[in-house]
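Each of the two complexes below includes chain A, the first together with chain B, the second together with chain C.
On to the complex of A and B.
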C-alpha cells in the first residue's frame, strides 16, 4: 500500500501543470546560474592574471631592488565561489604588501563593479534559499488540505488505509517528486562548469556535491513545513498564505533582525576608532624615536658603505622596535575588536539559526570556502607572504623596506651598465584555500541543524495528520 | 471480479444507537439505529444538516461516535476501522478523484489501496464500460471529465473494490436525468448482486424507485422509517413534507 501511495504522490505532482511550469523555470534558473557563474569566473580569472602581470610590469627595467618597495598580491578566483559566492565578492581582493606595516585588502568585486552589488549574483545559495524554496512550498502547500478540498482524502480513507501509512507515503512521495528531477537538473547543469572552462578539481566537485546535498536538505525541510501547514489548515489558500508569511520571515526578517539585535547587544569598536588609536600610537612612537635619531651620530669614516651600514642598522633597529611595539599595540586592539566581533557574530548567528534559511546560507558558504572565514584566511595568507617578502628584501637589501631606510651611494666607477633585476625572484603569492575537511567541519553545525529541522518538521507533519479532520 | 467476500445473512451495515455530539455542543446524530442486509437498498432522506452525511462519516470512521456503534460486516468502525473498511465501498456526492490521472490510473490507485492488486487493464475497461464510460474516455485525464463522468468513474471504483456493502452520499446530486436514470439502473444491478447499499439522498423519487427501506431524518434523528413497498401508491413527497413539518413522532418498521 505504501508503494501505491508513494507512486500516486509522485505521479500526481509530476503530472500537474504547476509542477511542469515551476520546474521548467527552476531548471532554466539553475542552468543560467551555472552559465553566469562560469562566465564571471572566467572574467575574474582574466582580471586576476592581468593584475598579476601588471604588478610585475611596473618593475620592468629596474636595476635596483631598492626600488621594489612593495608588491601587490591578489586573491585568486575560486571555482567553488561560482557555486556559492558567499562573501567572496564583498571582501578586498588586492593587498599592497611591504616588508613592514599593516596590511589592508582593497578592491572588492562589488566596489569595482557596483552594479553587481545592487542585484547580487544568481548563485546556488540564492536559488535554493529564494527560488527553489518557493518551488518546495508550491509542491507541499496543498498536500493535505488540497486533497480534502478535492474530496480525494475522504475517498482514500473509505479504504483500509492507516493514517500513518498515508502521511509517510505523502512525505516520501512528494520529497522524491521534488528531489529526483531537481538533482538531475543540477547534475546536468554542473557539467556546464568544466565545459565552460572552470577548472574543477576533485575537491571542487566534492564541494558542489555537498552544496547540492545541503540544498536538498533545506528544500525537504521547507517541503515538510509546507505539509505541516497543509495539515493544520483546511483550505489550501490559507496554507499558502501562512507559508508565504513564514517564508518571508525565515528568509528576510529573522536573519536581519538577528543582526540588528546582536549589533545593539554587543558593542564593537569601529575600524575608524581602532585606526585612529593606532595612528596616534605610531605618531607617539615616532616622536620618541625622532629624538634618538637626532642624537645619533655615526662614526665618521672614509668608508661611506660602512657608515651607511651603521646608520641603517641604527635606523633599522629603531624601526624594528617601533614596528614590534606598534604591532603589539595594534594586535591587542585588533584582537579585542575581533573578540567583540566574534561575540556579536555568535549572537547574531545563534539567533538567526532559528531560521533554516540561515543554516542553509552558513553551511553553503562554509562548504564553498566563501564564508566570513575567507577574509581571515586571506589575511593569514597575506601575513605569511609579508614575512616571505620581508625575508626576500632582507636578502636583497639587508633589511626589509617599509619603515625608514636611508640609502646613500656613489656613482660606480667602472661605468658598467647595471643589469635589470630578475623579477621572477620576487616570492610568488600562493593562496591556500580552506581544505575540504575543514570546510565541512565548519559547516557541520548548520548541516546538523538542517537535519534536525527535517526531523522536527517531518515528525510535525506526521503528528499533525494523525489528528487531521478527514471529512 | 476476483475473490468475492463471503456475504453473511445478518445486516452488513448496522447502526446501533449511533450518536454524534460535537465539541461545540451540536448534536448531529441522536441515537440512530438501523440495519441494511445484503441485496437491500436503504435510503436516508432529509434536509441539509439532518445527519445523513454524519451517519456515513461514522461508518467510514472519518469521525468517532459519541455513543453507539456503526458496524460493517460485524466490525465496529471506530474500534477496528481497517478491518471494517475492507467490506465497504464508498461513492461521494461530488467525486473529484485525481484530476491529473486518467480514469484507468484512478481506478488502479483506488483498487490497490482497496487491497485489489491483481486487476488488469481489461478489468478496468470492463468496470468503466459497465458504468457507461466509453472507451475513448478511459485514458483521458479526469480533470477533463464532466461531473457525470466523474461520478461513473467513482462507481467503477466502488465496483472494483467488490465489497459487500456500498455507501453512497448524495450520488445523484447534480446529475442530468439520463445520468441519474443510468445510475439507478446500475444501483439495481449491484443490489441484485447481493450488495447492501446505504444511500443518503435528496432525490425522493429515485429513492422510492430503488430502495427497499426509506428513512426520513431530521435534526439527527430518524423520524420515519418504512419499507418502500408500504409506500407504494402513496405520494412520498407529501409524506416527506408531512414528517418534516413535525406532524409525527418516530415511525418504525
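On to the complex of A and C.
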C-alpha cells in the first residue's frame, strides 16, 4: 500500500507541468552556476598567478638583498570557494609582509572590483537558499490542500487507506521526486568543474559532496515545511502565501536582522581606534628611542667599517626591542577586539539560527572553508610567513629589515660587478586551507540543526495531517 | 463605467486575505529597514567623526614633516539609510602619505566580516526583491483567474469594452497596491525627523527620485502579472511563469551578467598593478642612485684635487648646493615614477570601465538591475563612488605633499624629522634623531569629499529609469494586445 502511494506521488509530481518547468529552470541555473563558477576560478587563478609573478618581477636584476625589504603574499583562490563563496570575496587578499611590523590584509575582491559587489556571484549557497528553496515550496505547497481542492483526497480515503500510511507516502514520495532529479542534475553539473579545468582534489570532491548533501537536507526541511503548511490550510493559495511569507522571513529577514541586533548589543572596539592607539604607542616608543640615539657614542676607532657595524647593531637592537614591545601591545588590543567579535558572532548566530537558512549558510561556508574563520586562518598563515621572511632576511642581511630602515655601509672597494640576487631564495608563501575534518567539525552544529528541523517538520506534517478535515 | 470597474478591482484586492498578510509584512519590513538604516547611519557617522578626530590628533603629534602621514575618510551620506549600495563594500579611508598611493581600504565588510555574511537589509532591497514578488502575487490571475471562475464571461455579457476592462484591471491593481505601500513609506520618512537626520534639500530630491524609480519598478511587475494572466488560460500556469520571470529578473540575470562580463573582459588585480609600479620604482631609483653616485665621486675627486679644506663654511655651502642638486634630480625621477603609476592606474581604470560597460549592458535586460543601478546612483553609493573618491583624495594628497615639500625645504637639512647619521673625523659617528615637537599645521589643506549634486545624480539615472519605463510600456502594450484576442470562455 505504502509503495503504491509513494509511486502515485512521484508520478503525480514528475508528470506535472509545474515540475517540468521549474525543474528545467533549476537545472539550467545549476549548470550555469557551475559553469560560471569554473570560469571565475580560472579568472581568479590567472589574476593570482599574475600578481605573484609581478611581485617577484619587481626585484629582478637587483644585486643587493637589502632592496628586498618587503614582499607581497596573496590568498590563493580555492576550488571549494567557487562552489560556496562565503566571505572569501569580502576579506582582504593581499598582505604586504616585512620582516617587522603589523600585517594587514587589503584588497578584498569586492572593494577591488565593486561591479561584483553590486551584483554578487551565483554560487551554490545562493541557489540552494533562494532559488531551490522556492522550487521545494512549489512542490509541496498544495500537497494536501490541493488534493482537497481537487476532491481527490476524499476519493482516496473512501478506500481503507490509513492516514498515517498516506502522509508517510506523501512525504517520502515528494521528497524522492525532488531529491533524485536534483541530485542527478547537481552531480552532472559537478563534472563541469574538472572538464573546464578546475583542479579538484579528493578533499574538494568530498567538500562538494557534503555541500550537496547539506543543501538537500535544507531542501527537504523546506519541503516538509510546505507539507505542514498545506496540512494546516484548506486552500492551496493560502498555504502558498503563508510559505512565501515564511520564506521571505527566514531567508532575507531573520539572518540580517539578527546580525544587526547583535552588532548593536555587543560593542566591538573600532579598528580606527585600535590603529590610533597602536601608532601612538609606536610614536612614543620612537620618541624614547630618539633620546637614546642622540646620546649614542660609538667607540671611536680608526676603522670606519667597525664603527658602522656598531651603529647598525645599535639601531637594529633598538628596532628589535621596539618591534617586540609594539607587537605585545598591539597583540593585546587585537585579541580584545577578536574576543568581543566572537561574543558578537555567538549572539548573532544564536539568534539567526532560528531560521534554517542561517544554518544552511553557516554549514555550507564552513564546509567550503570560506566561513568567518578563513580570515583568522589567513592571518595566522601570514604571521608564520612573516617569521619565515624575517629569518630569511636575517640570514641574508644579519637582521630583519623593513619600515624604511636605513643601513650604513660603504661601497665595496673591489670594482667587480655584483651578481644579481637569486629571487627563488625568497621563501614561498603556501596557504594551508582548513583540513576537511576540521571544516566538517565546524559545520556539525548546523548540520545537526538541519537534521533537527527535518525531524520536527516531518513529525509536524504527520501530526497535522492526522487531525486534518478531509471534507 | 471605468470607475465601477476600478472600484470592483480595488475591492477585490483590498478585501482579500492575502492583502492583509502581505501589506502587514511589507509595512513591517519597510519600517524595520529604515529604522535599521537610521541606526547604522548614526553609528557610521559616529565612527567617521571619531576616526577623523583621531587622525587630526595624530597629525598634530607627528614628529616632523618627513614622517607626515594622514588619512582621508569617506563621509557617510544620509541616503544610505534607504540604499546602502556599496557603502559597506568599499574602503572607508585612504592613507595619504609620501610612501603609498591613494587607495580606499578598510571596508566595513572586510573589517567586521560578520556583517558581510548576510549583508544589510535596506529599502531598495525590499522593493527590488519583496515588493516585486508581491506585485506578481496580486496580479498573476487578473484575467485568467476570472476566466477560471467564470466571471469573465459574465462581465462581457454586458456591454463592456475590452480596452476599458483591461485598463481598469491595471489601474485598480495599481491603486490597490501603491496607495497602501505609500503609508509605511511616509511613516518611515517621519522617522527621519524623529531621529533628526540631517536631510538636506538635495537629499530630498534624491529620495524623491528613488521613490519615483521604485514606483516605476513596482508598476512594471504589476503590469507584468496582468500581461502573464492574459497570455495564459490557467492561473496556476501564469503564476509559474510569473515566478520564473521574477527569479530570472531579480536573482539571475544581474549576477550572471556581472560574472560573464568579468570573464570576457579580464582585468588585472590591484595587487598586480602595484607590483608593476613597485618594480618600476625600485629599478628606476636604483639606476638613478648608481648614476648619481658617480657625480658624488666626481665631486669628491674635485675637492681632493683642489685640496679644499673640509668643514669650512665654504665646504658646507658647496655640500648644500650638491645635496640640492641631488634632491632635484631625485624629484625628477620620482615624477617619472608617479607618471608611470598614473599611466598604469589609467590603464586599469579603462579596462574596468570596459568591463563595467559590458556587464551593465547585459544586466540592464533585467528591470531589477535597472532599478538597483538607479537606486545606487541616486544614493551616491554606486560603482563609480570609489573612483570619484580616489580622485578627490588624490588631489588632496598632492596638496598635502606640496605643503610637506615646502615645509621641509623651509626647515632646511636635518630638520625634516628623519634620522641623520653624520660622520666626522673628530667626533666619530653621531646619530641625530628628531625630537617630537608639534607641527605648525597652519595652511594644512582640508579634504573635501567629491560632491555630486542631486541634479547630476538624477540626470545620470535617465537611462535606467527610461528602461524601466520602456519595460512598463511594453508590458502594458503586450497585455493590451493579448487581451483583445483573449478567448473569454
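Throughout what follows, the second predicted complex is superposed on the first by the 467 of 471 C-alpha atoms of A that agree within 3 Å, B and C clash if a C-alpha of one lies under 4 Å from a C-alpha of the other, contacts with A are read in each partner's own complex, and residues count from 1 in each chain.
Just so we're on the same page, a contact is a pair of C-beta atoms (placed from the backbone, for glycine too) under 8 Å apart; a residue touches a chain by one contact, two chains touch by 3 or more.
Keep in mind it's a predicted model, so treat the numbers as computed, not measured.
When the two structures are aligned on the shared chain, A:430 is found in touch with neither chain B nor chain C.
Contacts of A:29 after superposition on the shared chain: chain C is touched, whereas chain B is not. Touch criterion met: A:345 reaches chain C, while chain B stays clear of it.
When the two structures are aligned on the shared chain, A:308 is found in touch with chain C, with no touch to chain B.
Between chain B and chain C, the partner in contact with more residues of chain A is C. Of the two partner chains, neither chain B nor chain C is touched by A:380.
Residue contacts after overlaying the shared chain place A:287 against chain C, while chain B stays out of touching range. Legend: residue contacts after superposition of the two complexes on their common chain; A:328 is shown touching neither chain B nor chain C. Annotation: chain A has no residue touching chain B in one complex and chain C in the other. Chain A contributes residues 17-18, 21-22, 25, 29, 32, 36, 39-40, 43, 46-47, 50-51, 54-55, 57-62, 67, 72, 74, 86-87, 90-94, 105-108, 110-122, 126, 130-131, 134, 138, 237-238, 241-242, 244-245, 248-249, 252-253, 255-260, 262-264, 268, 270-273, 276, 279-280, 283, 286-287, 289-291, 293-294, 296-298, 300-301, 304, 307-308, 310-311, 315, 341, 344-345, 348, 352, 358, 361, 365, 372, 375, 404, 406, 408, 411 to its touches with chain C in the complex. On the side of chain C, the complex with chain A involves touching residues 17-18, 21-22, 25, 29, 32, 36, 39-40, 47, 50-51, 54-55, 57-58, 61-63, 85-86, 89-91, 99, 103-107, 109-121, 125, 129-130, 133, 137, 236-237, 240-241, 243-244, 247-248, 251-252, 254-263, 266-272, 274-276, 278-280, 282-283, 286, 293, 352, 355-356, 359, 363, 369, 372-373, 376, 382-383, 385-386, 419, 421, 423, 427-436. Residues 1, 4-5, 7-8, 11-12, 15-16, 150-152, 154-162, 469-471 of chain A are the ones touching chain B in the complex.
Residue ranges on chain B touching chain A, taken from their complex, read 57, 60-63, 81-83, 85-86, 88-90, 92, 94-101, 105, 109-110, 112-115, 154, 157, 161, 167.
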